[in-house]
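Presented below are the structures under discussion, each in the form of structure tokens.
Same chain, two partners: chain A is paired with chain B first, then with chain C.
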Partner chain A sequence: MSEPAMPLLTVNKLRVDLPVDAGTLHAVRGIDFHVERGEMLCLVGESGCGKSMTSLALMGLLPRRARVTAESLRFDGMELLGLTERARSDLRGARMAMIFQEPMTALNPAYTLGNQLCEALRRHRRVSRGEARERAVYLLERVGISAAAERMDQYPHQLSGGLRQRVMIAMALMCEPDLIIADEPTTALDVTIQAQILRLLRDLQREFGTAVIFITHDLGVVARIADRVAVMYAGEVIETASAEALFAAPSHPYTQGLLNCIPAPGKTPPGSRLQAIPGVVPSLVGAVEGCAFRNRCPLAEAACETPPPQTRIAAGHVARCHFATRLADPSRQPQPKVMS
Partner chain B sequence: MMLATEPTQVPSAGGEQPCALELRALSKSFTLGSGLLRKGRKLHAVSEVSLRVPRGQVMGLVGESGCGKSTLAKMLLGLTSPTAGEVLVDGRPIAGANQKALARHIQPIFQDPYSSLNPRQRIAQIVGLPLRVHGIGSPKEQAARVAEMLDLVGLPGRAARQYPGQLSGGQRQRVAIARALIMRPALVICDEPTSALDVSVQAQILNLLLDLKEAFGLTYLFISHDLAVVEHLADRLAVMYLGRIVEEGSREQIFGAPRHPYTRALLASALTPEPGLGVPDIGLGCGQPDPSAPPSGCAFHPRCPLAEANCERHRPSLNDAEGGGRVACHLA
Partner chain C sequence: MGSFIFKRSLLALCVALTISVLCFGLLQLSGDLAVAIGGPEATAEQVERIRVEYGLDRPVVEQFASWLWGAIQLDFGRSYYYQSSVMDLVVERLPVTMTLGVLSLAIAIGVSIPLGVAAALMRGSWVDRLAMAIAVTGQAMPNFWFGLTLIILFAVNLQWLPAAGSESWQGFVLPAIALGYYATPAMMRLTRSGMLEVLASDYVRTARAKGLRTGTVVFKHALRNAVIPVVALAAVELGFMLGGSVVIETVFSLRGLGQLAWNSISRNDYPVVQAVVLIIALFYIVLTLLADILNAVLDPRLRAR
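Then we have the complex of A and B:
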């Protein structure tokens, strides 16, 4: 509030390395991004691109053997790197909360919902049992759960998947955190329930002014909820833009490929061939030379063996590609080479 | 001819060309929580489903989890037997046909290529297993057919000697497709075949399924929750809700002019990648019904924005609709 220009979270050169049998897995390879107060940032990418590793690193929830390094991880003016486990734990749940993909595994089956909802508040704030319960019931009502007071005494297995995810959202909001990290929170749900949960999350986020990092692989979801988007590929952020700019002028061949390979109703003729991205994601064990996308890229040239520059397309729109400026401008589209 | 219990059978009544697949009032119920002295509750997973899939077409089957899609698929594959009704393949009932004969005609492709392949067998063994089970060809001929099949699904020759663990998700799904098609079945049940894959790989697999359909004249029953994928692939669509088909029609009918309120809600909840539209309010209420205690009358009435008193009392039957297709709604 005091310094409006400063983002809530600034991530600088974050790296996550994991020892594996074959060497070191570089799951996250020096990424930069920031989250403004009260905004919805979507972190989008396919499996193994490092999006979940990034969120776990921010929460301080990675296993001990994972090595997290960065130039800085600044949260509300505070450097997260080098904080003691105790100090990290004071932040978790209180100022940064997390919503996971599978609410059944994230909720403890042996405790009532009321118990679990109140726990976080009682751990971080000096409130009485009664006050905690009151807030829990209030939030359960806010996330659209009927008969909230009775639900407090129920166990997670007594709820459907959609209701459990609503409880997870209520739980994340208990301490009014500044930042919520939602890791694929609707992937396990039916489309009808997904739409309802996304609306709820979006409405509450605006009302409470909470910043959200929303992790997903679904570009449809991204288009509908994101303020800004960071696209990840092979452990790197390859394009950052506002949601409108990303869909209007995708400037990295991977982003363009992703948008082209989902059938667009009304645009893609039914039964026609989809533009697939050939090949598979490179292994992140050991060093990756040059552009990590070049073995699948229709535009790859010799230049791509050197690391691609951060190219500024417009204010707030950056892509990591040698050809980003040309790609951003439809009139100067480079001709893709024919792939074998 | 493998399926018929009698050696000779009349081609089909009325001279009409038999459908690749026909379901006649197919039902399956399970008994829940029954004990020695306790009578259990009945769960009607699939109720009186009738459906015709013409040869060479793709029938899309959509609906929420728990609507009976997978139970239906299991009955078609002979993995569970129906409580009532019958399944006809090429105009012949499959009841009484043995599992092995059925497997020549219908093959599945499942959602998860990680759990549907034996991790201890090489790809050549996995793909060649149906040939060995049915005793087709010499080992040499079998190997040749496996190699041909792997090539058709776009796998490199060296994949034959590899184990599933050495392949990516997309490659594994290609193996599953090769295994399903090596017996040259006429009908393939695709149960969420791309749901576990990344979008860039999903497009590769969808292209492959379309190519193979053309090459072999296959008929697909394509079960999916991804409406964009179904719209891209399916010629016709059936929408299921709590074990019943509530609407059926051509792709153009279902996507262009959906008639059942549930179909409309389902289509509205599909999030297309168009920024600025926000998340639609589909007005369904938050309670998904319990399949073991379905609501009275039209099972959709508690969530339906149009429900009237009549909907609570009487279940609408699935009737032919104006302009083709079928719909089960009092107000359609």
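Then we have the complex of A and C:
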């Protein structure tokens, strides 16, 4: 029986619960998504929506007090749930690597770049010091660092934020992982540097055929790099689609709201107000009933008190909204009721 | 790195000079030395004779200059009490104090760093609480009292170790424990809080994201950074222990610098007091300098300054 190629990563009903003073914080509430080999999946959402928690859960880097449960977390045919810490650490850095948001603090100030680059490789592969160093220099050059051999003996404080993030990318690539999780890797950088790093990540991802989960709150970034997009809101994935489909036919009111927040040169009249989504994200401490977005949604109705169904819009395009089918079709756009 | 050491050394020299002035000045403030040396029954002529004999009739600045010139050549004059060179007395006593100080520091480091690391790794567990209890007890107990307790327990009751004397290594065990325990709480707490901070840092998360073994993460990535302030504290503590051994040396009858200073104060033996104070202060300065250099070795960011 011939099956379609298995996705690299399949996440099924992933939940992350954190004990807090007021009860239990349901940071991630049963999300499903998958990542194909070699693709760039953008995980989008505002802060606190659970996207970083999701990435840390996949890496197995959450603090011990966090409770991670799922129906399955399959990585290259292997079930990650129930693996020992030792087995997880064999995967980390070797087959799944991570790039963090803050390049200024993500490198150890006490060791040279060379030391920190090589240790990842030498932990997972039987290579000599010289071979590890060779690969580190090669990758530093590949991520666009000049005088790479001299940089190997420098310390993090001698580098700018943009350079440090390039080092982090090189470090993630040391063992040629199948999957890189990049958690807002450009958020802390200057705008011009952001563009360079995005391009670099996109180029390397294609060249090495690495799958990337790119976490961001910025739909502008998504438009530039994503193959597919998963939009998160309040601990749930509310819409999944290819990048084109998402921008062409956003089928969840939250996604539409996010898109309306982006100024479009030539479309948004100068001086006009950008639309912000009114209201605040509901508290995720304790149970959330029905649709989590309904208190901010212009379309909210009585039906929204019940959990919204997973609605299939097209192949590979799913939205979690009672009105998803209507929203997807521009000719049948429902009229938002006038808020008094 | 070279210019860093040079700058720090220059600074240390200035501090040393200031201390020598203070050290000399304080003694001048303690009253008429000739009267003190002569004792309560000395006649006015006898006091006058002492004044001339010891050079106390000369202007203060001249006295200071000649004392400092001697001190630079390691000549601190003669002891009033022993009638021998002060330097000989110091050289005889110094090894005892140094041995005690280094042993105490070794005990303090050996207990406080592993305990601090364990407490941070197992925050809130019984290990953490035990470490806290040890720290609080150590801070609350006066060290002479702890020393006496050790003597009663291990020397008098159990008779495992001698209660006094510096003739054999056994004589150093109890005083080193008493003095080392004194330095443990601060170093243990600093290690623990430093580890807690560093373990929550982004670069430790990066280290874990690379799949490094727990041991590598804890010792290579976390402890190396957490221990930097502890090194500075350890140097200060050693200085403290060299000076603070006055009490412990007296309790355990160790013939060290501390005991010499204590006896010389009660005998009005001013050249000895001056010399011991200056030498201990100089140790302090050298240790601080060493700590600065060691810090710069451990933390590459400091070298740039």
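The definition used in the following text is that the second predicted complex is superposed on the first by the 336 of 340 C-alpha atoms of A that agree within 3 Å, B and C clash if a C-alpha of one lies under 4 Å from a C-alpha of the other, contacts with A are read in each partner's own complex, and residues count from 1 in each chain.
Everything below uses one rule, namely that contacts are C-beta pairs under 8 Å (C-beta built on N, C-alpha and C of every residue); 3 or more make two chains touch, one makes a residue touch a chain.
Bear in mind that the values here come from a model prediction, so they are computed numbers and not experimental data.
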| item | value |
| --- | --- |
| Clash or fit, chain B versus chain C on superposed chain A | fit |
| Comparing the two partners chain B and chain C, which touches a greater set of residues in chain A | B |
| Which superposed partner A:80 touches (first chain B, second chain C, both, neither) | neither |
| Spatial angle chain C-chain A-chain B, Cα centroids [nearest 10 degrees] | 70 |
| Contacts of A:120 with chain B and chain C, given as first, second, both or neither | second |
| First (chain B), second (chain C), both or neither touched by A:162 | first |
| Partner chain(s) touched by A:89 [first = chain B, second = chain C, both, neither] | second |
| Partner chain in contact with A:171 - chain B first, chain C second, else both or neither | second |
| First (chain B), second (chain C), both or neither touched by A:232 | neither |
| Touching partner for A:102 - first (chain B), second (chain C), both, neither | second |
| Overlay on chain A, chain C to chain B nearest C-alpha distance, Å | 8 |
| Chain B/chain C common contact set on chain A | none |
| List of chain A residues in touch with chain C within their complex | 59, 61, 89-94, 97-98, 100, 102, 105-111, 119-120, 123-124, 155, 157, 168, 171 |
| Residue ranges of chain B in contact with chain A within the complex | 64-65, 168-171, 198-204, 206-207, 210, 225, 227-229, 231-233, 251, 255, 265-266, 268-282, 284, 286-288 |
| Chain B-facing residues of chain A, complex | 46-47, 144-146, 160, 162-163, 166, 190-196, 198-199, 202, 217-226, 243-244, 246-248, 257-259, 261-265, 268, 270-278, 280 |
| Contacting residues of chain C [partner chain A, same complex] | 201-203, 205-213, 216, 220-221, 224-225, 298-301, 304 |
